[in-house]
Amino acid sequence: MFQAHDTLVVKTHGRGLVLCTREVAAFVERVGATCGLLVVHIQHTSASLLVQENADPDVAGDLERFFARLVPDGDPLFRHDAEGPDDMPAHVRAALTQTQLVLPVSNGQLALGTWQGLYVYEHRHSGHRRSLWLHYLGD
Amino acid sequence: MFQAHDTLVVKTHGRGLVLCTREVAAFVERVGATCGLLVVHIQHTSASLLVQENADPDVAGDLERFFARLVPDGDPLFRHDAEGPDDMPAHVRAALTQTQLVLPVSNGQLALGTWQGLYVYEHRHSGHRRSLWLHYLGD
Amino acid sequence: MFQAHDTLVVKTHGRGLVLCTREVAAFVERVGATCGLLVVHIQHTSASLLVQENADPDVAGDLERFFARLVPDGDPLFRHDAEGPDDMPAHVRAALTQTQLVLPVSNGQLALGTWQGLYVYEHRHSGHRRSLWLHYLGD
């Protein structure tokens, strides 16, 4: 059995999806992973992870419009607003999506479907540097 | 350490949950898994995975009615409609549920609770053949 | 390779988040885990798991108010109400959050971000004893 881990920093530019399939696949290749499991864990609570459609850029926009309507900024329901009206909505959006992904690796490649991409979903209006913990376990 | 993987095709018949606990458990038994981790990854972005109540069939209907109201077909919010009014809602439903499950295996069995079943959640109105990647790692 | 598993019982006191980071970390320490993957699986369908902000107690209250509005108790949409008006909403909330978490362990510690805590999210109004299956695989 073989293990490897590293931190991948993804730069975001305000709300929305940032594709990171290539960077994650590069880690798999760099450590020489052949067959095993890759865990991706985002170390933040106001950004999250998603496996989503990677073909039509409208999908990311539609997804963002949906979440903006579902979890409105500045909702009087929310008390936690120390960092602004998008503070608590960011935590709710993170709760509704994923903090972790577990991706099978086979023949040295991520076992993703044809139309699947890995995304960091930034939920704050300002850009951030988001740390992803990558941990591989396998052969 | 021992690894095994396979593809499980689950046939869906339009929107709703399809129980697949038995088929996944059969893979665990077939490969002789005793103690380890099983990852189930669905290779699509308009269907997803859920661990849900497996006793009362009303739960599946209630869940579907809830998601149909939360993410309405043909919502003018959505631009991505190349495959119809249920195209983008399917991606949103997938974002709100799970693309992957990681199930502990102990004594050759999935460590599920008494009332837990594994489901493929089809989000399109038409039936599909959905590919699940099963990857076992353990003893 | 080394594996260990155990059941952690978390006592809840009605709806809301119960922090369990310390109890989960204690398992990691007790079994002598150094580097690997920890799966936490909740064996229920009316409670779930979340990685969330662990600093401001308002976050838990805001999250609960959001879910209470999104999935109203006693909604006439729901038929599954054998255990009361909070029965089906509990299943929907579980579907919208997580049944499983996979946490990297490095240097004997959970690779969580500074502000991340592990929570059991109780979705029923009454308190319960919730079973979490902890499964470690690694060195």
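Each chain carries a letter (A, B and C) given by its place in the written order, and its residues are counted from 1.
Convention: a residue touches a chain if its C-beta (ideal position, glycine included) is under 8 Å from a C-beta of that chain, and two chains touch if they have at least 3 such contacts.
None of the values given here were measured: they were computed from a predicted structure.
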item	value
Interface numbering overlap (same over half, different under half) for chain A and chain C	different
Angle (degrees, nearest 5) of the CA superposition of chain A onto chain B	120
Cα-centroid distance, chain A relative to chain C, in whole angstrom	20
Multi-chain contact sites of chain A, meaning residues that touch two or more partners	1, 37, 70, 96, 98, 102, 137
Residue ranges of chain B touching chain C (in the complex, touch as defined)	1, 35-37, 50-53, 56, 58-59, 61-63, 65-66, 69-70, 96-98, 101-104, 106, 111-116, 137-139
Complex contacts: residues of chain A adjacent to chain C	1, 3, 5, 37, 39, 41-46, 70-71, 77-80, 82, 88, 91-92, 94-96, 98-100, 102, 131, 133, 135, 137
